[in-house]
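Across the two complexes that follow, chain A remains constant while its partner is chain B and subsequently chain C.
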Partner chain A sequence: MSALATSATAPKRRGRGGSLAWMAVPALVFFTGFGLVPLLGVLVLSFTAWDGLGDIRFAGVDSWTTVLADPGLPHALWVTFLVMALSWAVQTPASILLGTFLANHHRYRAILSVVYFIPLLLSSAAIAIAYKALLDPNFGLGAGLQIPLLVQDWLGDPYLAFGVVIFVVSWQFIPFHSLIYQGGVRQIPRSMYEAAELDGAGRVRRFFSITLPQLKYTIITSSTLMVVGSLTFFDLIFVLTAGGPGDATRVLALDMYVRGWQASQMGLASVIAVILVLVGLVLALVLRRLGGRDTSHSQLEGA
Partner chain B sequence: MGLPLGAALAACGSSGPTRPGTPSGGGGGGGATYWYLSTQPQEGVRTRTVERFNKANPNSQIAGTTFQNDAFKTKIKTAIGAGQAPTLIWGWGGGTLRSYVQAGQVDDLTSWFDENAALKDRLFPSSFGAATIDDKIYAMPCETMQPIVLYYDKRAFDKIGAQPPQTWGDIMDLVPKFNAKGIAPFALGGQSRWTNMMWLEFLFDRLGGPEVFQAVFDAEKDAWSNPVAIDALGRMQELIKADGFIKGFSSITADSNADQALLYTGKAAMMLHGGWTYGSMKQDGGDFVSGGNLGYINFPPIDGGKGDPSNTVGNPGQYMSISSKATPEQKEIAKKFFATELMGDQAVKEWVATGAVPIVKGADKEFASSDDAEFLNFVYNIAVNAKTFAQSWDQALSPTAAEVLLDNIAKLFQLSISPKEFATNMNAVIGK
Partner chain C sequence: MASTLTTKPEVMEGGPQPRHQRRNRPRGRPNWLAGLASWIWLAVVIVPIYWIVITSFKSQSRYYAENPLVPPGEPTLANYVMVIESDFPLYFVNSVVVTLGAVIPAVLISFMASYAIIRTGKRSRFLRLSNSLFLMGLAIPLQATIIPVYLIIIRLHLYDSLLGMILPSIAFAIPLSVLVLSNFIRDVPKELFDSMRLDGATETAMLWRLAFPLTRPAVVTVTVYNALTIWNGFLLPLVLTQSPDKRTLPLALWSFQGQYSVNVPAVLASVVLTTLPILILYIVGRRQLLSGLTVGFGK
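Presenting the complex of A and B:
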């Protein structure tokens, strides 16, 4: 309410620079209501013991010590990190190549880009259910097509299950990142390529010497989305493997759900939620640092 | 105070007729609300039972809302925690009911059952165990009993020329024979975890009797380290190492009924599963059930085991509690529903028609006219003859302990932890 009141008077008092501040109000109100307030609630809950049914009991740092002493936490952190690192390592090269490929103006490429886009239109749960059915060792794709190589214990072997998660995540999100890279590549001035061509640079040389360096900020944007986004992978993994086999694919978000809803320990789940938020913030900051230092620096020298 | 909203929400998804003009109480609609599971054919029985009640009692209406199984579990817990529970709280009793009781969210029905002794007497006594917390009854047992039984495919046994197992030793002998013929000895939906748990429930019981798990339930220190428990866990891993289960069982879920499909398509020879799978195999399995290929036995004894081979485990019933936050009018309607239609004669008939055994004494009279008379009698006799009808572990324990249990069972079946490690991990959550 106070935010609304001050912003209403702001334009009169301030000069031109402040006159647009009120435009941030709707976003700010939403962010406060749906972002900050729940976050504070979770922070408070992390210092309580609550089973979701009875009274909320203040428990001091009990939940924190329990979670931090639990070997499940470093494991979940490690799995989360692996999912993050591997899905980034698979998605980034593939997306850059696909994005560059799709950036050229050819009709067949336009059609392909529509086709590539399809996985992004599907819900994660639907994708997970479909893959689960396809990978079923007895009634799935391998058994149906009589290809023994495809008949594996896909979701039952810890390594295979992990690989499947990375594959499905990549399959789902490469289209999105390709789109970002496509836009990035199209913004590179043609003159750069023309100059390089005159200098006798080949296709590969041009890619590594012009396209890649020019995509620096696009790579940072896309990587931030991938890395921070990977912290929230829940629906897909929950439906696909439910964190299994054992706890081989139990990422932080899943660990939080299991502790909160399945084991009825909201205090512990809130601790994990706070850790999740902190990890996400730190990652976003680090990635900004990596690229955002000197935004004034021109990338177009020589263009 | 959240009740009017709860009632309004329930009315939105109502499947039974709600009468907006029903006069009772002030403000919001005074009818009782009831949430239940949407799986057929059970949903139909529940819906028709409520409809009959509403027709017979124009002034006491129940509004029903259906939910999908897993959604229901989270939804009802959230609603109860938020003080917006439906009047009738449906569930599986045991540990979850205990958590409702501890939070003061459900009414004590002990004195009501004393007043309605005839009704109490009509139901199977074994079904009251999971409704009783600290010697008080907090739920009315209802619907059907679902013991876990050992199903087998007669065609598979003909192929290897063997008889159904009489002992645990027979099971271990059958494993290499089936594997040699390219048939998996047992189907298992291992990703669901509770499917694996049914095996341990029987191994514990047949080796040491119900006392072994009772000690865990009673929160005795280090109860999982009982040598019998370690022996049972070891035998479990022996069967897994001998390829007793279908290859890739950890990738298979029970929700998709893929484990049952393995049995009726002839890919697996046997399956340990709940009584409810009979109905779905009959529906999905073509002529597998109707052609007389499905066999069923109680879990065989183990040589040297102390447990009574008549014992069984599973769901001794379903349970219906009354929310303590409901209005007096709503509670009256709920009690009237309990006393009349919930397990009335027509409801019993309809439950039998779904291929399940209602928890009512003498329900076997209704079996004769059913196509499934043989199976129904088999289940009924298991329930009548069982010295103990133990509740599924994950239902009996608190949600916190149950989650740790299922997690460790999955790891035990992965062979990634030993029986001793399993016991250590589980001892840590005893009584939690």
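Presenting the complex of A and C:
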């Protein structure tokens, strides 16, 4: 009886397409209020002058001309690009190798995975503070062990400081990305390897002919996270080097903070923020084009 | 696929240990190079952590005298006492309030949104639009929107309050949560929904009694991941607060380090203390977090 009654109402319910839309409203309200509105707001603010406390007044394109004429901008863009490119170039091969290894060696995998994940639990502030103490030329690890090679002014020399930033970034994130690759490698059908083995392909050949091509979408996912994530290395660099020495490690995000909150020029900072958004969107689009599809489809193709 | 996996090696090899062979996919010599690399990386990860932990138990005078990699001869808890006495319990409570206050609502509203998007998204233009907005949010760096967020929080009279940090944290957690949760809700078999509906269940009931329990690993993953991000967040407290009693742990860590930079063991003790709660969370939810992350991002 009741089953009959509900089945009669079911088609009607199916017809009312938007009946569940209210469920998405709270998330949409929050995301609009603190995500989309600020995204448009930062564009508006880039045409104003504001010291962060007093009144906001319209200033036309003043901030834009100031920032675009400032040699600090190409420098910050260059540093941001270098951090992005180098940290990608260090992390990706290392993560693929570690991920492949972890996927195949079940015995160690459990132990290694536990330890590998620890750096991701620490806050960037904690990691930066610990490395600052560890690399101290007078009281750090190198000085304590009396190994001259390790006693360097790590954060005082522009090139060394840059290298330290790349190293610490890799230290923090390689574990995470190797886990992503581990998941990707485990989805590769074993039959492919068996067929290759029958054909006499060696380990290196199997890696380059099967593992790497099959990991294409995993590489794109991981690279997107790395590249977009590299735009957000604010806290690590802020605490570790504060952009120094000089402006050697002053990435865009840091440049924005310094102009906005330390120099009280929110208009200029907003221009930097708009540039940051544009860089992020362009990168995301390029990576998506490389992938040739969006991330909501299955990983297994032709398997 | 499973059948080819189990039969093929035996046919190929005819050997005595097919089971052993199944476990190590690429047969032959052990891969020394990759093995070596993974152990080297293990050392690179462990040595700094080991150094942080043992140093935090050394007295300041001993720190300068002893070999930095040898455990302290006379371990002391003085550093921890000092850190705890300098208002760290207050910062700890602030961090807990901000993290729980943001993560619980964020996961709940993200789950509702994902559920709606998967269940009726194909038919509703509103839901399709919401979904693409959330996906776009993945590409927006948090820093880029911080100036207007700062302005909004001031205008809402929430500057220098915990709620002022909670509201934007919820918003920034939504895009990734929706992505991962909807990937998992999509995998719940349609037949289960249909049979529950035949029994007269409402959509709300199906959300709570069907989708929620069946996607629990994803919910745990998203919860832990967001908790981690918000617990470790630095920029929002830096920009949205000014009084010391509103600090969360990462910010407190930073100012503590500025104040006591000479006392390395005490600074490192504060690093250990701020990480401890998240370490406990990790130990409790490790299995689900690791598998959830690999599956959630691998998709």
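By definition in this document, the second predicted complex is superposed on the first by the 264 of 303 C-alpha atoms of A that agree within 3 Å, B and C clash if a C-alpha of one lies under 4 Å from a C-alpha of the other, contacts with A are read in each partner's own complex, and residues count from 1 in each chain.
Criterion: contacts are C-beta pairs under 8 Å (C-beta built on N, C-alpha and C of every residue); 3 or more make two chains touch, one makes a residue touch a chain.
This one's a predicted model, so the numbers in the text were calculated from it and none came from an experiment.
Once the two structures are overlaid, the count of chain A residues touched is higher for C than for its counterpart among chain B and chain C. Once the two complexes are overlaid on the shared chain, A:165 sits clear of chain B and of chain C alike. By the document's definition of touching, of the two partners only chain C reaches A:112; chain B does not. In the superposed pair of complexes, A:104 makes contact with chain C only, with no contact to chain B. In the superposition on chain A, A:139 makes contact with both chain B and chain C. In the superposed model, A:261 makes contact with both chain B and chain C. Contacts of A:51 after superposition on the shared chain: chain B is touched, whereas chain C is not.
Of the two partner chains placed around the shared chain by superposition, neither chain B nor chain C is touched by A:226. In the superposition on chain A, chain A positions 52, 132-133, 136, 139, 261 are in contact with chain B in one complex as well as with chain C in the other. Contact residues on chain A toward chain C in their complex (touch as defined above): 2-3, 6-7, 10, 13, 17-24, 26-28, 30-39, 41-42, 45, 52, 56, 94, 97-98, 100-102, 104-106, 108, 112-126, 129-134, 136, 139-141, 144-145, 171, 174-176, 179-180, 182-184, 186-187, 189-191, 193-194, 197-198, 203, 206, 218, 221-222, 225, 228, 231-232, 234-235, 238-239, 253, 256-257, 260-261, 266, 269-270, 273-274, 276-277, 280-281, 283-284, 294-296, 298-299.
Contact residues on chain A toward chain B in their complex (touch as defined above): 51-55, 132-133, 135-139, 151-158, 241-242, 244-247, 258-259, 261-265.
Considering their complex, residues 1, 4-5, 8-9, 12, 23-28, 31, 34-35, 37-38, 41-42, 44-46, 48-49, 51-52, 63-64, 66-69, 106, 109-110, 112-113, 115-117, 119-120, 123-124, 126-127, 130, 133-135, 137-152, 167-168, 170-172, 174-175, 178-179, 183, 197-200, 203, 207, 228, 231-235, 239, 249-251, 253-254, 257, 264, 267-268, 271, 274-275, 278-279, 282, 286, 290, 293-295, 297-299 of chain C touch chain A.
Partner chain A is touched in their complex by these residues of chain B: 74, 77-78, 80-81, 99-100, 102-105, 190-191, 193, 246-253, 256, 258, 261-262, 267, 398-400, 402-404, 407, 410-411, 414, 416.
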